[in-house]
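You will see two complexes here that share chain A, one where it goes with chain B and one where it goes with chain C.
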Partner chain A sequence: MFDSCADPKTLEGLSWFLCFLTSGKQLLFYRSFFIVLILLAVTAPVALAFGFGGAMAARSRIAPLSWFGKGYSAMTRGVPDIVFFLFVPIAMDQALEMIRHKIKCPEWTDPIFRGSDFVVCQQAKFPLSTSPQIYHDLYAFTLAVIAFAVVFGAFAASVIYGAMQAVPRAQMETAEAYGMTDRQAFWRIMVPQMWTYALPGLSNLWMILIKATPLLFILGIQDVVYWARENGGYKTEHFDYPHPDWRVYYFLVLLVFYLLMTKGSEVIIGRLTRNLSHGQATLAGERMRRAGR
Partner chain B sequence: MKKLILSTAIVALTAGVSLAQDVVRMGTEGAYPPSNFINDKGEVDGFERELGDELCKRAELKCEWVVNEWDSIIPNLVSGNYDTIIAAMSITDERKEVIDFSEAYQPATPSVFVAKSADADIKGGVIAAQTSTIQSGYVAEQGMTLAEYATGDETIAAVRNGEADAVFADGEYLAPIVAESNGELMVVGEPVPLGGGVGIGMRKSDAELRAKFDAAITSMKDDGSLNAMIVKWFGENATTW
Partner chain C sequence: MSCYQTLLDYGLRSIGIGERLLPKSDFTLCEHFVLIGSGFVWNFYFGIFALMFGFFLANAVAVAKASHNPWVRKPAEWFIFIFRGSPLFIQFFLAYESFVLLPRVGFDLPLGFTTITVETSWLTKAWLGALIVLTLNTAAYAGEIFYGALNSIPKGDIEAADAYGMSGWPRFRRVMWPTIMRLAWPGYTNEAIFLFQATTLVFFSGFPAFRQQGDALYYASYFSAKTFNPFMAYPVIAFYFILITLALTWIFGLVNKRLNRHLPQNLKARIRLRPQLIR
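After this line comes the complex of A and B, so read on.
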C-alpha cells in the first residue's frame, strides 16, 4: 500500500506493523467484515419474507397450502442447522446444473452421476468454468443466503404464526362487524397488531442469525473466521511478514465485533419495541397510555 | 453421407468441448507452506502455484486458482466445483478409489515427528496430525493417540501450547518451522516413509485432462525444471527426482 512497505523484511517496530496491517491479506480480512454485514442485510429481510409467507400458508384455509406451511416450519426447525447448510447449497447447485444440462446438452448420453463424480457438460456448469472467480464467489454467496433464509425463515414462520394467533380475537370480530372482508381484516387489523407479539421472538432470531454468520465458512466462503484463522496462524519466513501464532488476537477482534453487533442490535430492538407498543391493546401499550406518552 | 454429417457433428462438438474446457480450475488448500499458501497480497503462492502455472503453460490450458478447505477438497472436486486438486496430496490407494491422480510431481517425502523436547513420548503421548492425511491415518493405524486438526498450522500450535506431545507431518512442511523455532521445536524419532508421492487429483471421468497434465509433468521431469523448482522451494536437501 505504501512505498516504504516494498521490502518488509527490513522494517521494524511501528512501521512494520503499519505495513503489516495494510498488506493485501489484511485488507481481505477487513473486507470480510463487510461480507458478513452484507449477508445479514440481505438474509434478514429474505428470511422475514419466507417466515411471513410460511405463516400465511400455515393459516390458509386451503388444506394443502396449510400443510405446506406447517410442514416447512416443522421440518426445517427439526433438522440440525449444519445439515441444512451442507444440504441446501449442494442440492440446489446440482439440481440447477442438471436442469441446465438437460436443456443445453440434450445430445449427451453419458450419465451425470458416474461413480462419485457429478459430471455435466461444460456449457451447463453454473457459473461457467470460464467466468471470473468473482462470479463463483457471488454464486456461493447467493446459495448461502438462500440456505440461511430457508432455515431462519422456518423459525420466523413459527414466531409470526404464533403472533398472528395472539392478536385478540375481539379485534378481528370488530373488523368483521365493520364489514371488512377477510383480506382487509388480515392486512389492516391483524398484521399491524401482530408485530408487537412477534418482535421478542424475531429479535431473538436476529441475534441467533448474527451469531450464525461464521457458518459461512463451512460453505466455503472466506468470511471473518477464515481470514482470522488464516492471518493469525504462525507464519514462516516464506511470508513477507513472518510472525508467531497470533490467532488469539484475531479472534479477540472477532469477539469485539460480534459483541458490538449484539449491543447495537439491542439498542435498536429496544426502540422498535417501544414504537410498536404504542397504542396497542397490550400491557406495554396500556402502560404507555397511562404514562401519557 | 449421413455418417459423414454425424461424424462432422461429433468433431465439431468435441472441438467445442475442448475449447470450453480451456479454463481449468485448480483447487488448493492455501494453508500448507511452502507447497501452497496465501501470500501477503492475498494470492495463492508457493511451490504448487509456480508448478501449476508452468504445467498449464506447457499443456496450453488457462488455469484459475481456487482455495478450498482441506476437509472438503475431494467432495468439491467430484461435484465439479473445480477440476484439479493440487494441494500436496499424496497418492494413496484409498484416495484412488474416489479420484484419479496424475503422475507424481514430487517424490514421496518421509514424514517426521516434531516435539518440544527430545524425550517426548511418541508411543504413549498425544500425536497431532491434520485430518484426512496419510499421517493421521498412520498415527491411528499404529495405535497411537491421535488428535486431529483441520489445518497444519493448528497441529503445530497444539504442540507449542502443550495440547499434543508431538506433531506428525510431512518433513518438507515441518523443516522450515523447526528451523525458525529457535530450538523450541525439534525432530524426534525416526522419519517414516509414507505415501506414493504427490500428484494432481482429478475426477475419474476426466481422463483427457489427466493425460495433458501427465505429459506436462513428464516434460518438466525430463528437462530438469521440476527438480530445480523443488530445490527452489524446499531447499538443497529436498528429495528430488
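After this line comes the complex of A and C, so read on.
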C-alpha cells in the first residue's frame, strides 16, 4: 500500500507492523467484516418478511395454509439450526440444477443420482463452470442468505405470531365496532400495535443472528473466520511477512468485534423499545403518557 | 450385510470401537441411522457433562452477580457478558488456538490407588477442550437465567425467612435457592435443549475429529458429502434431535413438577419451548 512497503524484508519494528497490517491479505481480512455486515443487512429484512408471511399463514382461516405456517414456525424448535444451514443450501442448489437440467437437456435419459454422484449436463450447471469466479462467490453468498433467512424466518414467525395474539382483544373489537373490515383491522390496528410486543423477541433474534454469522465459514464463504485462520497461521520465511502462529490474536479481534456488535445493538434496541412504547396500550406506554412525554 | 452386523461394526464407531474404515459407497438407510446414532454418543457426552458442571458454576455466577461487593460482582458480569455476547463458534476457535499454544507438559496426579498423568495436550482434544468451552458457555447463559430468577424472588419469602431468624447460608439454602430453581426452571429447560443443539458445533469449529471419530452432525455431513443427497442424512439427524428434545422436555418437566408441588394447581409454571434462547 505504501511505497516504503515495497521490500518488507528490510523493515523492522513499527514500520514492519504497519506494512503488515496494510498488506493485501490483511485488506481482504478487513473486507470480510463487511461481508458479515452485508449478510446482516440483507438477511434481517428478508427473514422478517419470511416471519411475517409465516405468521400470517399461521393465522389464516384456510387449514392447509395455517398448518404450513405453524409447521414452519415449529420447524427449528427441536432441530439445531446448523443442520438447516447445512441442508438448505445443498437442497436449493440441487433443486435449481435439477430444474435447469430438465429444461435445458430433455434428451438426457441417464439418472441424475448415480450412486454417490449428482450429475447434470454441462449447460445445467449453475453458475456455468465457465463463468467468472465472482458469480460463483455471489451464488454461494445468495444461498447462504437464503439459508439464514429460512431459519431466522422460522424464529421470527413464532415471535410475530405470538405478538399478534398478544394485541389486546379490545383493540380489535373497537376496530370492528368502527366498521372496519378484517383486512383493515389487521393492517391498521393489529400490525402497528404488535411491534411493541414483538420487539423483545425480535431483538433477541437479532442478537442470535449476529452470533450466527460466523457459521458462514461452514458454508464455504470466505468470511472473517476463514481469513482469521488463513492470515493468522504460521508463515515461513517464503512469505513476505513471516510470523509465528498468530491465530489466537486474530480470533481475539473477532471476539472483540462481536462483543462490540452485541453491546451496540443492545444500546440501540433499548432506545427503540422506548420509542415504540410511545402511545401504546401497555404499561410502559401508560407510564410515558403520565410523564407527559 | 444385515443391519445387525452394521450395528455391531459401527454402533460405537465414534469412540473408536468396531470397524475402523467408514463405509465408502452404497450407503443404506441402516448405515445412516447407526453411524449418526453412534456420533450421538459425543453429543450426549458434551451435553450431559456440560450441563452438570455448568449448573454448579451457573449458581455461583448468579449469586456473584447479585453480590454487593464489586470485586465479586464485576468478574461475574464480565464473564456473562463475554460468553453471552460472542458466538460460541468463535469461542471454540479461540479456546482451541490458545490451548494449542500451551507448552506440552504432563503432571502426575496421585489418586491413591493409581497415578494418572494429566497432560496439557488433552486440552487440545475435543473431549476436554470443547467440554470446558461448553461448560463455561452454558454457565454464562444459565447464570443469567438464575440471576433473573434471584431478582424475582417474592419479597415476602425473604421477610418470612428473616422473621424465622434465618440468615446467610440456611436462608439461601432453604428459602432462596428452591425459589430460584422454581422460577428459573422453564428458562433453564430451554437452555438445556439449546445446549444439546450447540454440541453439534464442536467438530465444525477448531477442534479436529480424531480418526474420523466425530459427533452426529459430523457423520451426517460425511454422508451428504459422499452421496450428494442431503435428503437422507439430515432428516435422520433431525429425527434424533427431536427425540432428544422430547426426552429432555419430559425429564425437565418431571423436575419442574417436583419444584412446584407445594403450589396451588393454577399457579404452576408451565414449560413452554421457546426458540429465542439459542446462542
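Brief remarks follow.
Rule of thumb we're sticking to: the second predicted complex is superposed on the first by the 293 of 293 C-alpha atoms of A that agree within 3 Å, B and C clash if a C-alpha of one lies under 4 Å from a C-alpha of the other, contacts with A are read in each partner's own complex, and residues count from 1 in each chain.
Heads up, the rule we're going with is that contacts are C-beta pairs under 8 Å (C-beta built on N, C-alpha and C of every residue); 3 or more make two chains touch, one makes a residue touch a chain.
Not measured: the values here are computed from a predicted model.
In the superposition on chain A, contact is made by A:214 with chain C only, not with chain B. Of the two partner chains, chain C is the only one that A:255 touches; chain B does not reach it. Within the superposed three-chain model, A:245 lies in touch with chain B and with chain C [touch as defined at top].
Looking at the shared chain after the overlay, A:90 reaches both chain B and chain C. Of the two partner chains placed around the shared chain by superposition, neither chain B nor chain C is touched by A:223.
Comparing the two interfaces of chain A, the one with chain B and the one with chain C have residues 90, 94, 115-118, 229, 245, 247 in common. Across the interface of their complex, chain A is touched by residues 13, 17, 20-25, 30-31, 33-34, 37-43, 46, 64, 66-69, 72, 76, 78-81, 83, 98-99, 151, 153-154, 156-157, 160, 176-177, 180, 203-205 of chain B. Within the complex formed with chain B, the chain A residues making contact are 8, 23-25, 27-28, 90, 93-94, 97, 107, 114-123, 125, 128-130, 132-133, 136, 220, 222, 229-230, 233-234, 236-242, 245, 247.
For chain A in complex with chain C, the touching residues are 76-83, 86-87, 90-91, 94, 113, 115-118, 154-155, 158-159, 201, 204-205, 208, 210-215, 217-218, 225, 228-229, 232, 245, 247-248, 251-252, 254-255, 258-259, 262-263. Contact residues of chain C toward chain A in the complex are 25-27, 81-82, 84-91, 93-94, 97-98, 100-101, 193, 197-198, 200-201, 204, 217, 220-221, 224, 226-231, 234, 237-238, 241-242, 245-246, 273, 275-279.
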